[in-house]
Every structure is written in C-alpha cells, then in structure tokens.
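Before any comments, here is the structure.
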C-alpha cells in the first residue's frame, strides 16, 4: 500500500495555500507535479555534469552521455520495449505523433487511408488531417458510442477495405476517462495489414504499460504527465517499423555522413533525434521512472481507481450534474469530467480556484468529442497518487457550495 | 568590466576537479554552463508554480502562464524583435530551422532554389537537402574562401537568377569562428526577393544581436548555448513572414477550431507551438536572458575577444599546429579550432581531459567544411565569459605537453 | 466559510441575474447585420444581430450565445445600454467599458456606464477580460460591417 | 606533473610507434577483397585489402586509413598478426581482441594475442572501443565478402 502522508512529502508544490485554502491539485491530466527526486536530478545534472552528449570525449560529456543513455534504457524497460534503440526522445506526445505522421505521409498516396477515433485529443487528430492533406490519403473515423466506448464495428468496416495503412487511437481518453481495448484494436489493425499508433499520454505512469503486450507499432507519451520535467516525451517504435521509417527532422546527430549535396542517416533512434536533445529533461525522465517504479504502478493504479470511484459516487448525487464518460461501474481512468446545469465550466473553475481547488474547464483539446456529447465544454477533476480521499470529499463540498451560489 | 572571480561563483559546475586537476571548460560552443539563477528558476517553478499553461483558470496555471509569456517578452526585447508574437519556442536551433524548412517547402517547386553557405552546421544544411528533395527545388551553395569568409560574388550570381526563394546562412561559424556580414547578406537577399534565415546558435549570448538591424526574416538560436536549460530554443520570424507561413506540427494549442474533418489555426506564435511546450525551459531561458543582460553583452563580447586573442597568439607559436578560421588580426568569435601534425584530435582531446581540460574534437557537425579545408577533424577551444586568461595559459601548457608526448 | 470578496465582486447578483435571464436574447430578421464572435480557447460564442435606423443610430440589437456567466451577462447588459444609442455614444461606451474591465485608460463618461460599472470585478481576473469583452468586440465588428454596407447602400438598395 | 597511469597505459610506446609507422600500410592490387569502414561520429576511416590463398588462409592484408592513434595502431598491429593466419585463427583472434578492449567475455588464447594485449588500456576509455575495433570490424566484413566471392569462384575464375 502507498503511504500517502509520506509520498506527499516528496512534492514540495503540494504544501501551499491558494486563496487561503490548502491547494487541492486535481489537474493532473493536464500536467502532473514533480517529486523532489526529479527536481534534484535536474539540479545535480546542471551543477555537476552538464555538457553536450555524444560528440565529446571529455569527462563532463562522457558523464552526460552515460546518464542520458542510461535513462533511455530505463524508459525502455519501463514500457517493455525490446531494446533501448526503440526509444526516441521527443518534446512530448504531440511531437511523437507528428514525427510518425510526417515520416509516414512521405509514403502515402490517394489510395491509402488513415483511421483515428472520435475521442482523440487534437494532438492525435490534427497531425493526421495534415498528413492526409499532404499525401492525398483519406482520413476515416471510428465513432464514439453513447457509453463512451468505440464503435469497433465501424473500425472493422474501415479495415476491411484493405486501404488502411495506419490506425491511431488514444489509450485513455483525457476527456472521458474511457480505457480503450488496445490489444484488441491493434490485433484488428495488424490482421488488416495496418500499423497502429497508441496515444498513451494519459496511460503511462497511471498503470503498467507494456508495449509488447499491447501489440501496437508505435506508442507515444509525455514526461510532464508522469512526474518528469516539461519538454520531454517519448515515441516508442517497433524496431522493424523504425527501420523503414524515413527521417523527419534533419540536423546534427542524426546523420552518418554529409556532403554539400546529400547525406546518409544513422539508424534509429539517432535518425529521429536531430540536434541537441533536452539532456536534462531525459535525465529527469529517467529519475521519474525510478520514482514511479519505487512506488509501483499497480499501487498507483489501485489508488487512482479508489479515488475516482469515491469521486464519481459523490458527483452523481449532485443536483444538475451530468457526468461524462463510462457509466458508473464500468472501468474508468483516474478522472471525472462533468457539466453543471447552473454554471458554465469557467465559472465553476473560477469558483473552485478561490477555494484552493484546481480543476480544468473547457474542451480539453477534444472539440469534436465535446460536440459529439453536445457539451460546450466540461469541468474535469483528474487524480494522481499524491491525491487523497479527503481532497475528493473537499471537492464535493466545494461543488455543492458552487451549485448553491450559481443556482 | 566583468568581475570574473565573482561571476565564476555563479556557476557551481566550474568548481570541480577532473582527473585531479581543476576543470577548464572550453567546450562552450557545444553547450554553455548554467548559472545558479537559472537553476534556481527551474527549482522555483517546479516547487511553487508548475502547471500546464494557457488552458487553465486555476492559480498555478495562471502563474505558469504569466511567467511563460513574460519570458517570451523578455526574449523578444533581448533580440530586438518588434513584438513578442514574433518569438516561437522550439527545442533549439535545429528544430527552428526544420520548422522553416518544412513549412516553406510546402510552397516550393522545381523552379525555386534555396541557397546555403559552405560553412553550415549540419543542422542548417540537412533540413534544406530534405526540403529540396521533397519540393523539387534546387539547393545551391556559397563557397568558403581560403580566409574563411564567404564568396559573396557567387552568392550574387545565385541571387541574380531570380529563382532563389530563401537564403540560409550561419551568423558565426562553430568550426571556424568566422563572423559573417549578415546585414550585407540579408540586403542582397531582400533585393533579390529572397527571404533570409540566420543561424545564430553561436552568436546570441556572445554579443548584442538585434534582428531588426540585421535585416533577416528568420533568426534561429538555442538556449543551451547561452546559459539556459537544455531543450529550449527560439525561432524569431518577422510578423509579415510568419503570417504567410503554414503550420508545421499539428496538435493542441495551435488550433482555433477543430472538427473531425478539418481545423483552423491560430495566429503566430501559437500556430507554431503545438502541444505542451517546455514550460520550465522557457522560464529558464527568461532567467538566462536576465542574467546575461545584467552582465551586459558588450562586456561579454570584449572578454571573449580578449581571451581568444590570447589563445590565438599562443596557439600559432606551437610546433606543428595549424589554426583554422580567420587569419590572426581578422575578427573572430570566441573560439579557436586547430589541428596538430603529431596527434589526431581524439588523442589530443583524450590527453587534455586527463589534465582537466575540456576540448571538443571532431568535425563539429560540419563535414563539408572540414573536407573543404582538408582536415579530418579539428580540436576546438571555445570560450565564454566565465573563462579566464589563466585557463587559456593552462591550455597552452597542456597542449605543449601533449605535443611532446605524441611527437 | 464566507466567499472571498473578489469572487463576490465578480459574480454580483445583478450579473448573475443577467446571465440567467439575458435581455434582448434572440435574432432579428433581415435586413440587418449579423456577426459571429468567439473565444476559441474557452469556447465562448456569440451571434449578434444589429439594425441601424435611417440616421445610423442603433435601432435594435439582439444576441444569442453560449459561454460563461461573465460573457453572457456582459452581452445582456450591453444590449440593454445600446438600444437607441448613436454610433458615437456606442463607441464611447465600448471604450469606457474596456477601461472598466481592464483598469487601463480613463473613463470619459461614468454616468453612461450605469450597471456596467459592476463588471469592474473582472479586473481582478485578467483571464476573464476576454469573456467580458466578447460581445463588445462583436458589436465593434458589426458596426464596421454595417457602415461598410451603408456606404455601399446606394448600389444595393434594400 | 606526471601523466596519469590510465593515459600511459592507453598510449604505450609500442602503440604510439605503430600509429606513427604503421606496418603493412598500402594497397594490394586486384584480385583481392577491398572493404571500407568508418566511425562516422569521429571520422575515423579505414580501407582494407585482403587476399586469401588457395586454402583460404590469409595470404596478404594491407590497409590505409586515417584516424586517432588507437585506430591506426590497432590496424597496424592486427595486420602484423594476421599475415598467414587461417580463417579460424583469424576469427578467434578477432573475438579475443574484442575481449581485450572491452573486458567482456573470456580470452581463449592468451599467447596468440602477443602485443595486442597492450591495447587492454582501452578498457578504461569506453568511448575508444570503437576506435580500437574499427579495423577488426572491417576485417570481419572482408572475410565474409571473400568467402562469398570464393563460393562464386568457379563461375568467375580469376
């Protein structure tokens, strides 16, 4: 079991007041907080070891390179990658997806199709719209059913055309909390000869993720949502698939030899990491992985489930509240998104803020999904392992107060 | 005048021994060290204010957003941008250049040409090779003369064809130390109807840079080479030019409205900043700008010039040493690149390292330039304001020792 | 626990009342000027219909929209004030209202503001300024378009 | 100040001597196998010419190249050892040499290494392993190619 009182001590930011009340940070799906050990890893790096990686032979460069590559290995182990050469460092989920979309689009034409779901974050929709436009490929959608799950029948139809080259789908919806049946979806794609990319922004760091078991070809996630610094993320790609992927950005470190006219490129992951990487960010990501593994992902998952269940049970009792996402009783990630009849989400979030409660309000970068559920936006409470049942109860009290105020 | 003994106290990393000797860090062109105030800005952010920017209404998000945007304004002022809306945050110079190359290539065809110089870093060469390949445009070169300057006659010829759409050129060569006549070059480009991009990776933070005075259309640089954290860089673009530039990466934050089928995009800079940015990196960059401005760029420049002159005078006295770059007496940035007859650069750098001296050896990501000067690689000493004349003297002693050892 | 003063100032009873029961809500039949405005980041939207009379004064102004209490109340309160205004009065009120919510600049006519002065509470919430001014920016655009089409009126008589 | 032991071990006199005066430097005229190898990051390059005799033993091996002292000395020392070796001896030496410079694995024949054991100093400089093994990787490739073309020999008699 997680000893909460202990863990909260690891997060300096949690111990402050906002508007005279203790901060309740329930905006974890937007970005998580950072433990002392991750902040310390950054400080240690800059105070002792900072230098550019790979190109040096001097002591600091050797140290920086060793720590940088050690972090790559740790991340590979963390998500069950076959090798650290399958780990490409990016700025975050968005860049990871753009990398694949840009590189793959080079090979696509009007006869090809891409499939995404109707519950994608803009970061897993707009890059494919752009790739479709550039290449002439078609972009097809898998609708979201009323119970916040995907219409796999339609996916099957799309795949049966034989035209689908890539399926991209979110693992955990950041707006609904739905957990998609990734292994099943990836099996379907593979059988139809399509590659699969999974957007794991809301999954990694919340429960055990093993890309080998999931069966996807690409997996994208962001460090900042899993205790790591801002500015660092990962694209995992299956070796066999990366081998055939052309480079995207050009520059230092990704080349083998360069003449004025043409260049040859290194193998993955270097081929996809042009320019000086976010060295400190990578090392911080490694420290975050260490930290999460010390707590244990199953424990983090169990705690998130418990908090979410408590929240959902309380929320559905509130007058005029409509809960989005999977119906009570169905699996749901550690977040709850809802609308209030009496108050627009921005008014509610503003109100909550004066009580020290950090909620997120708006479309959560999922405009099509909001439209699908006829919501102009929603208020979202998203939890992480350092949140407590008392905080959930406080949220419910504050929401009640807000409803009284705005009604 | 800079009080050196004081300034060195700001850099924790400098006060260590390597191989039993005091560290002499002369690899600043690869990456600079970070002052306490920049490290503290990161720690403060993560300990007090961390949250995702732009999308929130709660206190932490408001604070993070305010600091993030304040840093954008400071960077704009620092380089003489007309408005903070001209500042796009990227991972570094490499990504800045790729952004322009990818976005512009959408508009180019076989009748168009791109011009780069023969002294470009791979990061300002490979992206244009790729853009040329994708668009069918031609890629032309401006040769480097024996005195390490550019053959502007050839540039003129290229421009006179009327086919050149963009000229991209380095401000300060990271291998030679040449300082190119940027205003003159940009004037020539503008008169020929071509846009100009300047790679300022080795310029910003070393002397005053004012994009308005330079007359370019794009200016790219990296934070990590100017006391800021790794993982953050800048693309400056003239408003009028950014307005007409299509987006590159798609995702959250860069869109205005999204349907499943299509999206509309925000104006610059948001249009070019898809996904969660490196918030802490941006805030750290702001702190670095503050720090550099407190010292004063003219003072930094003067100190760099003095150290370099001392180094060059000593180097040319060493037996079997060939100095690359501008001849003694000509303007030169704060670096000296050289080859030794008796030792390959890697042997020299290894030797130096055992004496606590951090040099860089190799092609410095400028393979065509090395070939141009018939060097398999070079050893490079690059200076910053926290380096001292004593360190330069120590380097010369260590080089003498190495020459004795290897001869 | 009492609510903080800032929040009470932002959501005064008058404001909440306007947001719950917006005045001049609905559409105007053509001929009139219709503009759509939004705050893409927060999803607030407004549709505004404007009809000028023969003298160029505001004969009628109506709106529909969705968004937070501040944006809806501000639209409602604006619509009440604008009925029958001359364009110069309207422009002055637009400028004065911006000063009310941002605290920047000087107010030229305190009295004309009336209830609108209550939205002063927005000053403490800089993120909400764009909510409060959404309807006003739409009105500015509608006036510009209406004048454009009036200038073109002889060519396309309505 | 005395030089650190690590460095003295890396650059022993024998090694520096080989790097300054490489043995078996130059080319072999065709027919023979020629391969090019490089370490792109550091720019080290090697061209290796290999000629097998009728029994498939190494009749002659020569090289040209540029790079650091370690890579050149290693190539020179390898070329001395390889003249006249059988392919199985060569392969064993390649494996043993990798153990010398990485410290990983076991050495099957200490005696066969001779001078090559001096390159043990590389172990303390992991970044230099790829310098020390450049020539050896080229030789592996050359042997593979030579065997391929020998298999095809009847078709294209030389």
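Lettered A, B, C and D in written order, each chain numbered from 1.
Keep in mind that, in the parts below, a residue touches a chain if its C-beta (ideal position, glycine included) is under 8 Å from a C-beta of that chain, and two chains touch if they have at least 3 such contacts.
Note that the structure is a prediction, hence the values are computed from the model and not measured.
Number of steps on the shortest path from chain A to chain D, with steps defined by chain touch: 1. With B-D and B-C as the two chain pairs, more C-beta contacts join B-D.
Ranked by how far their CA centres sit from the centre of chain A, the chains are topped by D. Chain B and chain D have centres, each the mean of its CA atoms, that are 39 Å apart. Note on chain placement: the centre of chain B and the centre of chain C lie 48 Å apart, centres being C-alpha means. Rounded to whole angstrom, the centroid-to-centroid distance between chain A and chain B, based on C-alpha atoms, equals 31 Å.
Centre-to-centre spacing of chain C and chain D amounts to 82 Å, using the average Cα coordinate of each chain.
Contact of a single residue of chain C with at least two other chains is seen at positions 41.
Of all residues in chain B, those that touch two or more other chains are 19, 55, 57, 255, 257, 346, 350, 361-362, 367.
Across the complex, chain B meets chain C through its residues 54-55, 57, 62, 255-257, 266. Note for the complex: chain B touches chain A at residues 12-13, 16, 18-19, 23, 25, 27, 30-31, 33-34, 38-39, 42-43, 46-52, 55-61, 91-95, 97-98, 101-102, 106, 118, 121-123, 125-130, 134, 139, 141, 222, 224, 229-232, 247, 249-255, 257-263, 274-281, 346, 349-350, 352-353, 357-362, 364-365, 367-368, 371.
Of all the residues in chain D, the ones that touch chain A in their complex are 38, 40-41, 127. Within the complex, the chain C residues that touch chain A are 1, 3-4, 6-7, 10-11, 16, 41-43, 66-70, 72, 125, 128, 131.
The touching residues of chain A, counted against chain C in their complex, run 19-20, 343-347, 350-351, 354-355, 361-363, 370, 376-377, 405-406.
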